[in-house]
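Which chain is which? They are A, B, C and D, in the order written, and residues in each are numbered from 1.
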Amino acid sequence: MIRAVVWGENVHEQTNQTVRDTYPDGMHACIAEALNAARDIEATTATLQDPEHGLSQARLDETDVLLWWGHAAHGDVSDEVVARVADAVWGGMGLILLHSAHFAKIFKTLMGTPCNLTWREAGERERLWVTARGHPIAKGLPDHFELENEEMYGEPFAVPEPLETVFISWFQGGEVFRSGLTYRRGAGNVFYFRPGHETYPTYYDENVRKVLVNGVRWAQPDAPRLKEVHEAPNRTVDTALEPIEERGPKLHADGEKGFR
Amino acid sequence: MIRAVVWGENVHEQTNQTVRDTYPDGMHACIAEALNAARDIEATTATLQDPEHGLSQARLDETDVLLWWGHAAHGDVSDEVVARVADAVWGGMGLILLHSAHFAKIFKTLMGTPCNLTWREAGERERLWVTARGHPIAKGLPDHFELENEEMYGEPFAVPEPLETVFISWFQGGEVFRSGLTYRRGAGNVFYFRPGHETYPTYYDENVRKVLVNGVRWAQPDAPRLKEVHEAPNRTVDTALEPIEERGPKLHADGEKGFR
Amino acid sequence: MIRAVVWGENVHEQTNQTVRDTYPDGMHACIAEALNAARDIEATTATLQDPEHGLSQARLDETDVLLWWGHAAHGDVSDEVVARVADAVWGGMGLILLHSAHFAKIFKTLMGTPCNLTWREAGERERLWVTARGHPIAKGLPDHFELENEEMYGEPFAVPEPLETVFISWFQGGEVFRSGLTYRRGAGNVFYFRPGHETYPTYYDENVRKVLVNGVRWAQPDAPRLKEVHEAPNRTVDTALEPIEERGPKLHADGEKGFR
Amino acid sequence: MIRAVVWGENVHEQTNQTVRDTYPDGMHACIAEALNAARDIEATTATLQDPEHGLSQARLDETDVLLWWGHAAHGDVSDEVVARVADAVWGGMGLILLHSAHFAKIFKTLMGTPCNLTWREAGERERLWVTARGHPIAKGLPDHFELENEEMYGEPFAVPEPLETVFISWFQGGEVFRSGLTYRRGAGNVFYFRPGHETYPTYYDENVRKVLVNGVRWAQPDAPRLKEVHEAPNRTVDTALEPIEERGPKLHADGEKGFR
């Protein structure tokens, strides 16, 4: 059983009638429901408003894959929680960033780039093309699928070159966007997936739901969580794997911790 | 003329007799001298102790490639300067990280990973192997070269998969390390180069100097600095490249700035 | 159940007493036995001497992952079988290349490079370092493991930059080598794994066996085999996804096949 | 001075009135003229009809970057010349593949994949988006540019994941395509650039010409041509870089050539 946590910002569901009508229990609940329909995934939810945003260390320790949707309140996410999530990813937890999470602190932290793009909210047609046939995240999908109403995101998208580009979107207004991108950061798998503007029923779409389920399966860790993700061990001369003699001048005493 | 700035932490040169003897004018001066020997590079220096660490906005605006050596005082580098350097890289400035700069704030910021490794200070032999023949950074180098005394850095090295692995090091004590790694972050080229422990005369080595010169040439920008590296422009319906009509519900008023 | 086929050249097992003593039933049998110890893998064998080298179309159609060991007789493998295996990989079959298979026709075909390297047969110590912690192929392995006697392979190794470098080897004689490399070719996953010289008992090593099992699991396809891997369909104007009108001069009649 | 050779198939220029009218001296002549407008490039041409297709060993030895346009007669290119070009690339010669050269033997050889795609010849609008700001090949280009009439090429495009995706195309009929892709193969830089259907005046477009010039500069070699691109040298025990003793059983006599 893959333990997924769907994190939702849960702001526009409270403040915007369209969003509330579309996702009466919150977008996070809709996404979790999509995941729970898969037999091998057990998804729960967490929101910005929960204590520690619902992401205590204990919770993260029990999470295989975290999905993240945020938009209006990126700045309200505490730096401490972001650092905690980053540590979990580096230790092996999978992370899936959805739509406007391109500007989430955690995504910018893991990418090392501004993650900016161009955008337009016009309910235009988006068509996603599979560019990595055979990739686990594209399993069971046709070569392309459409979302009749979506927000446009356009290139250039300031992210690092991914391991693989899984989807590219075509937009009615003339733009393109790399909509499915995979990365590894430390021991953790990271997947960015573009669709999901809150005023449209995107997370009810069958193809989108397939991508989410596939993404969780792909992102799940293959090993126990690494604990010491920042450790830089001093391998001393006497414990060296091959016999060596110490030579030349030194800064450090034996077994001393390095600078950082 | 490529305008390079060599940033040196300049701490151990002041506090350690071996380092002072090896690099009497500071490591940064030695590196700058190596670069200035190339006809197409004009290198100056900056240090931690300078106002704004020698990296004012005006200075960065006039810098094509920044080289960074730090070790004992990563924590003393101001977050404001780190953010400024990151912006410059995303806008197109080249950045070369040297040796213990693997733990520099700017490197961790750009990589999105902990950048940790294992290490041993025993003056052992390092042999660097070229793994990307034909790469501009390997120009004029033999298939391998040796440094008789170096600090060991060992895998796993917690960095993202690079664009290309240019060098891999063999160490006498039994370890290996990816010693030359290239990345692009935004419009900027980033190169990590491993050798250069301060107690050894590494930066006088002819092959190391070739790598530094090659690295600066490779990392230099090909276009004017991008100014608005965080901008996320709203491409409105009326300015769309293809004629579209607005459909469906909206969050944003026309021309409104997006959330971030 | 993952259906694996272990292809062995099976030449030195017949002609060299050391190899015969080490692998009395052939190297392919030893590798298949290692795989069959995993509950989710069902491995059979095929050899150069079998009709169609044991790789008929029907057999490949029923194969999820093919493992390939060859050395002395690369030239004896029929071009027709190589083309058939390449088609299967492009359609989604996983392929694992072992040791001297770096010079196998199928590997050179899929890489698009000469795949040459340096080598020495001296029974020296090899130490493999994990460079992609958290990668499924490294599951359950320590950060490094040793093979007391192996043939040396040295860089530069003329292969394309991989998706990920999973292992790097240290050799006693002073060389390094990228020993675990992943690729996708078409819909198929490809993994090169270095160890396995026929005069040493490498394929009895527990860590090596773990890598083989992990490799098969990683390389298995996630979708039914693609059939038309060379097809270049003409999407005519009347079947276009968006309404367009034909404009300008043409070479081709409607629905005509393209040149190739 | 960068020595470029533009190879043109030169078939439709002879057989199709539209193509002849658009490119009266041949497409290759038009492309060479565009390159020769740059001060640092000296471009000549070669065609299928020349002896050895104009690509003798002597000519390739004097070529820094080869550009390749072919469509109707891929099958008429001799395998011997293809092998010769591949050797030159692996040795360091740059190679730029244009449009329908996606099905050229040399491209399929270097990619190790079928290189197929979908297509439509309807003179529709293509818009190319820069996805790697700061890349030398995008130098001086706006974030997007248009070609009013082009043939459509659509994803999935069966090529390996590139080093970097420089351009992605939007098509009026609803498709997208990765239109600018970089690779290294051996010591040689390889660039695929999509536009250039022979019935349209694409190679007169100023932005396209900029890409061609940028591409040649990017692809030029940084070192003398490697000669022995298939050599696999035996590094014997007595010439090992570190002192080792021979141990264990052997297949090969000292200094013997390896199998291939």
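We take it that a contact is a pair of C-beta atoms (placed from the backbone, for glycine too) under 8 Å apart; a residue touches a chain by one contact, two chains touch by 3 or more.
Because the structure is a prediction, the values reported are computed rather than measured.
Contact count check for A-B and B-C (C-beta pairs in contact): higher for A-B. Ranking all chains by how far their C-alpha centres lie from the centre of chain C, first place goes to B. Centre-to-centre, using mean CA coordinates, chain A is 26 Å away from chain B.
The centroid of the Cα atoms in chain B and the matching centroid in chain D are 31 Å apart.
With centres taken as mean Cα positions, chain C sits 36 Å from chain B. Residues of chain A found to touch two or more other chains are 127, 132-133, 144, 154, 158, 161, 163-164, 172, 174-175, 184, 186, 241-242. By the touch criterion given at the top, residues 92, 127, 132-136, 138-140, 144, 163-164, 172, 184, 186-189, 221-223, 226, 241-242 of chain B touch chain D in their complex. In the complex of the two chains, the chain D residues touching chain A come out as 127, 129-133, 143-144, 154-158, 161, 163-165, 168-171, 174-176, 178. Of all the residues in chain A, the ones that touch chain B in their complex are 12, 16, 18-19, 71-75, 90, 100, 103, 109-114, 116-124, 149, 152, 154, 158, 160-161, 163, 172-175, 183-186, 198-200, 229-237, 240-242, 244-252, 258-260.
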